[in-house]
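Got a structure for you, questions after.
Every chain is named by a letter (A, B, C, D and E) in the order it is written, and numbering of its residues begins at 1.
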């Protein structure tokens, strides 16, 4: 049983790509962010030390499957397809789609304004699906560009090749906070509400671990730690369910 | 366009700290690449058919399979057969062994350009293959192939960035991380490129010095 | 096939028997049989392209002869002596051992361009004879001194004149003190004066008991120093006789007479 | 293995492979031509030009391709250079490859014994004829292997083009992987495709080498 | 410095004036002045390393001489004739034009290994003389025939004997029909018979009016064919006189006498 092993070792190893500000990021060489803070608290609840690994996204999930670490503490959007392959914890962040535009671009003031314009998003992300679905409801469709990383989408936005970038609201908001002279957040978010959660290997092995982590998350909901941490990074707390949401 | 030197200055220490790992992987990888490359090259042109074939397989495997896959194999597959390498060792080995395949080919080309008479002279004197290679063939092959070898070593430095897939925070990786937080890819990447450039400049200058030293008279 | 065993004393140290060598379709040597006796100086003469260099190169197995045998003190050179057909070459360590006793000076010198003259000579002393550094270099210098090249010891081959390169090649071979020396036109690039010097070095070596096979176009040398002279023509051994029989007033063989004709005319200075 | 997936993504993967090959071939040829020009210029020009060329070689060779591509594609628009992804991909490939190729050619130039060039000058052959007839055919003995090496390396560097959304093989593979959450299958196909290119290149390299070493083999017949 | 202008007729085609050449610190040629007259055969003799090859190579600017002048029909070879100091070399196109008229046979042959013997000879006919293919190859074959090599036309240099390579080199140079030929030991690798043949080819060329400078160790040739013989020793021109004065019973110069001594002794066969 994975939980027993972790307790015995006194240490849990969590991996992420420290590349999803404000959830996971390296600031002056130190790992920081919502996931860092939350998971540190969770580890305290479990009564074990925590070791964080930084891996490129392409080797995070293979590494999980190969057993190189215990859990992925990156913000992974919960989708039905993914639920079949991995075990998710309770939501730890809001993943609903929002747009970032170039600062000072008056032609976009609400999400519907991107009709007929060019928008970028990350390949294979749940947010990309949402963007496409949203585009279909508009009078003229959005020209959707797919990027391997969201960074490059933002770079292209800055370079003027595209008009907007669609990704989860916390990420877009943080970009706007970090470089207000270049990016601006377009409110409100759109599409179905989505959530971020952590993932572990599927199956019996990890069931007790997931349960223990979920207990910790619920406890943090109750005593306000979850809210405090989110507020610290996002300015305001998101609304998060304390039960597993339905994934479509 | 607003180019922020402040971002570069602020993050330079972290880039430099990461460059240390890049340097370590590169230097160790180069040692493996050249040393192993010489032996593979020797095997590739040896008189024993099985050696030749083994070397050919080695070369076609390491040139043919993307390094990323090799690295994933070293790190994620070998544990399944009971060999659990530390990340650093896996990275150095993968980078070095892959590069050795290319080095071997470069040396083989260079050896063909050495007049056969020189080998004959050594043979006629009863010189053993070990000395023939050490004293006659390798020095001259290095001279002839030096520009290509420097190419290969520089590629090795750059390809060491793949070590990030096994969790090593080398230069490219850290640059990406910083980008993810500062949203200033251009500045950060230029700074990283500058560090790569300096490392590689040292290599290519050493290469030129070696080329001159190995030059005839 | 002439095989005048009686024309010089001593037991044969190298025996060539019915040896042939082809390059593709081209017969470079056909059915050569010849003995080289201990301490003998055997000169090989013959027209350009007749196979002299090839014969020399077969003697230390730089060329794999196709048929026949080359033996040194009874030991088959190059091929395994197990009667298997097709023959298989000896393991390289054994061949190397054989070659240690057979020195060679190449027609094209084959110096190592990345070494100085001195290093060229010292290299084999260090690696094959395994002499200590000091001794190896001292002997190399002595060998260069013998061929009058002490002052160019530090030059690389590219900074040497043709004759100087040839002398380095000679020094490299004699420094190893082999039992048999194979010289391929060792004086081709030398001026008359140096030819004299080199020949006197060779004479001295002969006097000290070294066996030598010398390909040469220097008829003067062949006439005066050789114990026997072998004449090759179109891949075949035409004669192998004491010099007097070849350089005498009227050589028996028509071909030899023609060969020497122009030389005689020219060299009356 | 889920073959149904390939039914769905096959056409996209194939198109991606086509783009990969396009960028690779165009980049290699362009790089070789530019590299050869640099090597020639380096050999036959004045010192200041040489310094410039050497600076170019060190600069381009010394920095990662990904960053060059990034700067060209995302930095270009700031100075008015707006390229489509494929354009940027090919252009950056040509630029990136040229210093490597030029160094390989430079080593080739150095491998021909000076005497042969002197002989050519003595019979009045011009520099161009010497290059074409004497130097080039012989230097191929030395440089075919490194050329093959580097062309193989270029084939793999095409993967980096996905960064600027060139719809090449890796890009399409990642689409498939990200959308279906399968990793093994698409990357197996990817490896197979690259392997195919490598095998093809090595085979071609061997053919060329066989041809250009004819005169050497005859010596040891 | 001897400069016996009267010893042969004809206007000088090549004039060397106070020419010096250094390799680093080493003086390879010191203050050489010599004229080569039209249709003359000038032999250069001298000890190994005395600078013969270097002098020949300076004449077609393969080595950049440091001081003095080499002129061909009044035109300065290699350097720009504008009196600027330091001198700047001519543009390569002009130099090429000058070299077209000066053929050269190298001491080390310098054949192109990737061409066959025939291609080696035909190459310049095709690219420089721009003859049509058929004609170029026909002339190349004829040139090979002159040196008795028609049957080896298809061999690569690595498949040729030393003497055969040397003959290809000779054929390559003479096929171009230059005005002046520079031969660097053109018979070093040849057997006596062929030496005779090659020398007769050269004699014929001389008779047809070609100017030739020949470095040679073949005293016989120097004695019989040369119009004048120049003796070099340690980078200096010691004498430049008709052959009789050198090969006569007692040459004036002590050094020359010593040089010829051993040769005389050896060549009484």
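Here is the rule we go by: contacts are C-beta pairs under 8 Å (C-beta built on N, C-alpha and C of every residue); 3 or more make two chains touch, one makes a residue touch a chain.
The structure displayed is predicted, hence computed values, not measured ones.
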Co-neighbours of chain A and chain B resolve to D
Contact tally winner between B-D and D-E is B-D
Between chain B and chain D, what distance separates the C-alpha centroids? Give it in angstrom. 18
Taking each chain's centre as its mean C-alpha position, how far apart are chain A and chain E in Å? 84
Per the C-alpha means, the centres of chain B and chain C lie apart by a whole-Å value of 46
Contacts with two or more other chains occur in chain C at residues 23, 108, 159
Residues of chain B touching at least two other chains: 116, 185-186
Give the residues of chain A that touch two or more other chains, as numbers and ranges in rising order. 62, 152, 155
List of chain B residues in touch with chain C within their complex: 115, 117-118, 120-129, 131, 135-136, 139-140, 143, 214, 216-217
Can you name the residues of chain B that touch chain A in the complex? 2, 10-11, 13-14, 17, 72, 75-77, 79-80, 164-167, 169, 173-174, 176-186
Sites on chain E touched by chain C in the complex: 23, 45-49, 52-54, 107-108, 152, 159-164, 167, 184-185, 188-197, 199, 217-221, 223-224, 247, 258-269
Chain B touches which residues of chain C in the complex? 60, 62, 92-93, 96-97, 99-100, 102-104, 106, 108, 110-114, 123-124, 127-128, 155-159, 172-173, 176
Within their complex, chain D touches chain A through residues 70, 73-78, 82, 162-165, 171, 174-175, 177-181, 183
